[in-house]
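Two complexes follow with chain A in common, the first pairing it with chain B and the second with chain C.
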Partner chain A sequence: MLHATEKIVSLSGMTKSFGAVRALAKVDLTVGVGECLGLVGHNGAGKSTLINLLAGTLAPDGGEIRISGQAQPAGYGVRRASALGIRCVFQELSLCPNLSVAENTRIYHKSLRGWGWRGSAAELIRRGLDEIFPGHGISPHATVGDLPIGDRQMVEIARAFTVTDSPTRLVILDEPTSSLDAVAGKQLLTYVRKLVAEGGSCLLTSHLLGDILDYCDRVVVMKDGGVVADRPAVEFDRESLVAAMGNVVSDARIKAHARVTAQRGAMPVVVKAVPKLQADQAALVAHKGEIIGLAGLAGHGQTRLLLQIFEAAGQTRADTNAAGPVALVAGDRQNDGVLHLWSIARNISVRSMRSLVNMGLIDGAAEAALASKWRERIRIRTPDIDNNILSLSGGNQQKVLFARALGSDAGIILMDDPMRGVDVGTKLEVYELIRAEAEAGRTFIWYTTEIEELNNCDHVYVMRDGQIVADIARAELTEEKVLQASFREGAQT
Partner chain B sequence: MTDSVLSSPLRDRIDMLRDPRLLRRALPAVSLAAILIAIFLINDRAMSYRGLDLMLKYAVPIAFATIAQMFILTVNDLDLSIGAFVGLVACIAGTWLVDQPVLCVLILAGCVASYAAVGALIHVRRLPSIVVTLGMSFVWLGIAVILMPTPGGTVPEWLKGLMSWKPPLIPFPIVACAAIALVAHVLLMESSYGAVLRGAGGNATAIDRAGWSLLRIRMSMYALAGFFGVLSGLSLIGLTTSPDAHIADRYTLLSIAGVILGGGEFVGGRVSPIGAVIGAVTLTLTGSFLIFMRISPDWQIGAQGAVLIVVLALRALIKLREGR
Partner chain C sequence: MRALAARIGNKPWLLSFAGALAVWLATILFTEGKGGGQIITAALAFSTFTVIVGIGQMFVITTGPGNVDLSIPSTIALAGGVAMKIMGGQDGLIWLGLLACIGAGLAVGTFNYILIRLLKIPPIIATLSSSLIVMSVAISYGRGLQIKPPPSFADFTTAQVAGVPMLSLCAILFAMIMAVILERTVYGRATLAIGQNMRAAHLAGVKVERTRCITYLMSAAFAGLCGALLAGFSGGNALNMGEEYLLATIAVVVIGGTSVAGGRANVPGIWGAALFLYLLVTMLNTYGASAGVRLVLTGLIIIAMITLAGGDKPSR
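The block that comes next holds the complex of A and B.
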């Protein structure tokens, strides 16, 4: 019995199926008081399902949930979970874009009511934000829809930590750093360690294995709806963690990629763009067949620069030119990428529709051929390419977006931080594909928030405050250089 | 260097005026002012207590109906039955309000409850609101026609008296519209449950995950719409004195136009009660404007459409700047 009271949560024999798909098969999981538990696995390994069961947003088909040693009855749901101090930050943002930051806080806390509720809510969230993300600069009265995605994520995280009538005992963070820049991500994880040191608990999932290894006490690895490893974090390193998840290819493959950059300039220039806010004449230059990286803190004008190039497709403008058709791989999948009501095949073919027309009608056979070709090449895991796009896991949806761009006639591919919340296995597959396409003569411009991904690039530009502030060749690329350029203070005007 | 020529408070103020968000919020009021100025230029006698009272008489029931529609739009639904419903309320009140007031109030309460039930049906069966409310519009109209096949009925004196009340200084329709806007604003924008109600339009999943009942939210919104529909019907018969079933048929589209004119949007829970009332008043004034221009009232719907197009075009322009 004493053992049981040390656990904030213990799940045993959790089972959940969606139709014929078994998402979880008799999973056991415990989180101790004062422990930060890392949960890793592929997309589709069952992490999200497990988290939803614990948060009370899904009901299990079988198994027992014990919270602070008490077995929970069948009616365990969100209300009960929240009353017991379990808070969850979901992977897809669960804020209301039409409400202000303070109003979104109110929705989370039933006790914020009566006169002056708005003031108390604003004060509560402001304090929360200040504590976790000092220097955040977010007004509690700003409308959430007007905030950039990184700020929205900060609000959502800070909201989960705010306390009114029931204490926060366990915070579940599902891919919390995927939309945050490096600084905010670090601030959050540091705060989590502080909370854990004070006796709180945390369940963290992340595809950034460094975060898991550096900040968690214990790591649980899931695969195919079951737990395959459960050990203290110190016993893992990157390689063994990747191995445990079942990835055969390892990170070493990325590092092995060091294309010769001496030839830079030998091929014709296909993209040249000066950011709108650029004070000097520094420009992004991409030659045919190059992979160009765009780095820097999130929200410093990288996406805007990509859109500037996208709009100039096939034109020569004063500040931008792009030779030939351009395709964009969206990073904000749900808002900018996926067409929710369409099939997987149609989601792939939409960019190439013009070439699939026969006598004014869509050529079904050609469309199916294009879709199944890319399903093979990029390994989209689905029983039927005509299923709805939402039947795929997040990583596979992202693959569809890649297939859409790569299957088109575009010679220039823009990527807007496309690997957000994508599992390691998928990433490695896509990296390889990008390299192969670049060898074949396509040009990639790749904005990424993960410094590690820049290793795939031939040349890297770092942006800060809407301007290009550093121009780094592959051979000279180090993490330190990128970070330094991202943070340099007021050197230019 | 050139920036520092202007003192900073002044520059801040100029920047504020150019802020697209502010422009968007001010747009309904600006369009109302524009149409008022046009009317006053054509006929300066309109710029008086009596003139405003006459021109804005019918703004009160339209404002009630617009607010009713706004509650439905907040949760991303559309109510195509509000006009017929207002007509039914007018017939019910015309039939019973004088003779059997208690029974009449009970029946009207039943009407509000059936609105909530429609909301529950739409939510539970996941039906498109457009289809259900279109169907309900025939039900409401049918009952109204059975109840009152020809125009007639009686209207209580107190209701007529209220609607033609002449308060000092400010004409009654303006006072009433301001009160409607204020009450709806407090209900939806200021109250703590109002935030939850609007949130359901913005991101229903988030509201569900935070532990609120979406069924209850939708039922509340439909009940509120029903309640304001009842008020619209009552205020309307106070003005016309002889109700009939088709009295408010135009209100369905007018109310949608009013909400949109007032800055509301069809999806996403972005609505503004004050804007909606301003929109309703603007649409009412369009009718008077035509009369002053000596244009046949047959053109009224067309003119209201034109106002809507102009305002929406302006809004699109502002949005374009906002995106930049």
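The block that comes next holds the complex of A and C.
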């Protein structure tokens, strides 16, 4: 199906600027019928902007959009895109948290009306979920706000694939696997391949290069608002893809860096926590200067355990103690992290306000210094640190959240799957930063849905159904062990 | 035009001052320049009270959707009564009366916060029901009697310096202090953070409940202080003297450029909006509009102002 002659989408000369920032400069892109196109690039390379133009959520400053060969007029928008069979799953979730799964499905499908629409919507979304994510366990009547982010992402994806009046011809998936655990991610990509084999098309962006290489027919690499490579996926491997994105370090270095941990327990215990649902007395234990990994399938109590530790900051409770201040790096940026009305600088300083006070007032100069220091250290890509936080791309917003936690006085840093939608280069930088901070005596507790990331940890706990089910030392860590523990008793298939 | 709109977008309070200036000009155009000075003096004097309670309301509304203090009018009535009774017309007891009115306000604020926090009642219901209780207390406490303020206190609240009321000067200073508190203190920043996203603020280490508690206490304390000053200004307390401040506080907060959705507040705008509201009514009176026409026009003009101010722009 490589370079299929018939094009579902053909974009030419797409240009878009946000104020002084040029996000796209004359970009051409085509997606063939029956093709799965991978789109990769660093944070801020322009991927999300391009996708938004295609989905009709943003209007281009210049360029032409042709869909199935037809040039689209200036008024091209979401409705038109949807009528032409283009469906989009965004990186930032777009479900209404106060409505149920079924009700959210209705919003998407205007044709579900009349008596019993709720039932037909529930049936539609249930079928969609079953087809893509067998064994998902999500009730169509659950309120979206109560679902963990992984489940919300599944609903969002399933909703985009459901069909009522207009057929689905192109599905755009923007970082779909970043909030999903390994199993659900695989289920999705397998489903995409099936769809593509049946003549559908897919545009996929992912920072998990494995996904791109294994599941896409062709790969387009973007950098600084332009396309720098466009080749069949088979011509790339991990190294060449990373190189094309303009990053020379490969993640082989992550493994080389894995620390040889001194005898565990030589340092004092700073965190001890027994999950609320734990049947036995197994506890998460973190010593000073350790990086502790928290693994398992998404939504199995990892975030809840982090919050339990967060609430116990500086206290000794029956089931939890945390010695000293605690800071949290949110992974669910929209809901748990970003303060959307504030500048980048204020978003960084909010955790450290109390230490910036001089004679009762927050010292403006000290605040600016803190923000610029972290902008340098973590390389936040912005012309001005006083710009609104939403002027940054998703990955750069995530860097701000890292800066907020690492710039604070906290000796214990909790990370709630923080690398969602973060590109490889940034990840490597952050990994290095985490390692340096740990060596300086900070303790990290790191929940991640990417098994690879556990290689950065000194000790790993696997959670299932709200309990700690495995306790694996760095030396014994293998992917099989983690997966096995995640699935013991065949609880999920 | 676009640049102008952008300018106003950045400084929403400019609009309220521009509005105030426009209605003042329209008024003195009608009177052919007569009484322009007196109108400003009166506007400053009456706006002072709106500003004091309006700033308290602004902090409450800024803590996020659903937060509003509806107990302000009753608190004004109760605190005014308490202050006048304790002062008892004697100059020597003024300070005690002022402490007592703020104390009465703090008591109401504490009660409000207990309802909101411990009983988990939505603020709009909590403060509305507490206002009924507070009003009953005010009625039984004062028995509806009007007590005159001590002479020095009455003099202070009505004093003027070159046509500018003393109290207004104090209120301008007060507004400046509150603006600094909003932008430069941990408490002010915490209020703004909570208003944007309570959960994110909590996870960023902001003390959410402490901040909300201070905010409700502060709003009620300002209402208490306003009650005493209003009683001094108008020659004695009255049970209905807070009535107009229920809608006025919310109106000045919104017209002044504070976001009803929370997280964005504006202190100068409170002054501009308070002046605007007073001058608007003065203008309509001067033009001889009947009560009905006046109300309709006031409503329409407020709607126009809020639309112009842009309300809440989409955050993206």
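As a working rule, the second predicted complex is superposed on the first by the 483 of 493 C-alpha atoms of A that agree within 3 Å, B and C clash if a C-alpha of one lies under 4 Å from a C-alpha of the other, contacts with A are read in each partner's own complex, and residues count from 1 in each chain.
Everything that follows uses one rule, which is that a contact is a pair of C-beta atoms (placed from the backbone, for glycine too) under 8 Å apart; a residue touches a chain by one contact, two chains touch by 3 or more.
All values reported here derive from a predicted model rather than from experimental measurement.
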{"item": "Fit or clash between chain C and chain B when superposed on chain A", "value": "clash"}
{"item": "Which superposed partner A:S82 touches (first chain B, second chain C, both, neither)", "value": "first"}
{"item": "Touching partner for A:A365 - first (chain B), second (chain C), both, neither", "value": "neither"}
{"item": "Which of chain B and chain C A:V163 touches, first, second, both or neither", "value": "neither"}
{"item": "First (chain B), second (chain C), both or neither touched by A:V234", "value": "neither"}
{"item": "Touched partner set for A:A475, first chain B, second chain C, both or neither", "value": "neither"}
{"item": "Partner chain in contact with A:F90 - chain B first, chain C second, else both or neither", "value": "first"}
{"item": "Chain B clash site on chain C (candidates 114-122, 240-248 or 258-266)", "value": "114-122"}
{"item": "Touching both chain C and chain B, counted on chain A across the two superposed complexes", "value": "none"}
{"item": "Interface residues, chain B side, partner chain A - complex", "value": "21, 190, 192-193, 195-196, 198-199, 201-203, 205-212, 268-270"}
{"item": "Complex interface listing, chain A residues touching chain C", "value": "310, 327-328, 330, 335-342, 346, 350-351, 353-354, 357, 360-362, 364, 390, 404, 408"}
{"item": "Residue numbers on chain C that touch chain A, as the complex places them", "value": "180, 184-186, 189-190, 192-193, 196-197, 199-201, 203-206, 259, 263-264, 315-316"}
{"item": "Residues on chain A engaged by chain B in the complex (per definition of touch)", "value": "55, 57, 77-79, 82, 88, 90, 94-99, 103-104, 106-108, 110, 112-114, 117-118, 145-146"}
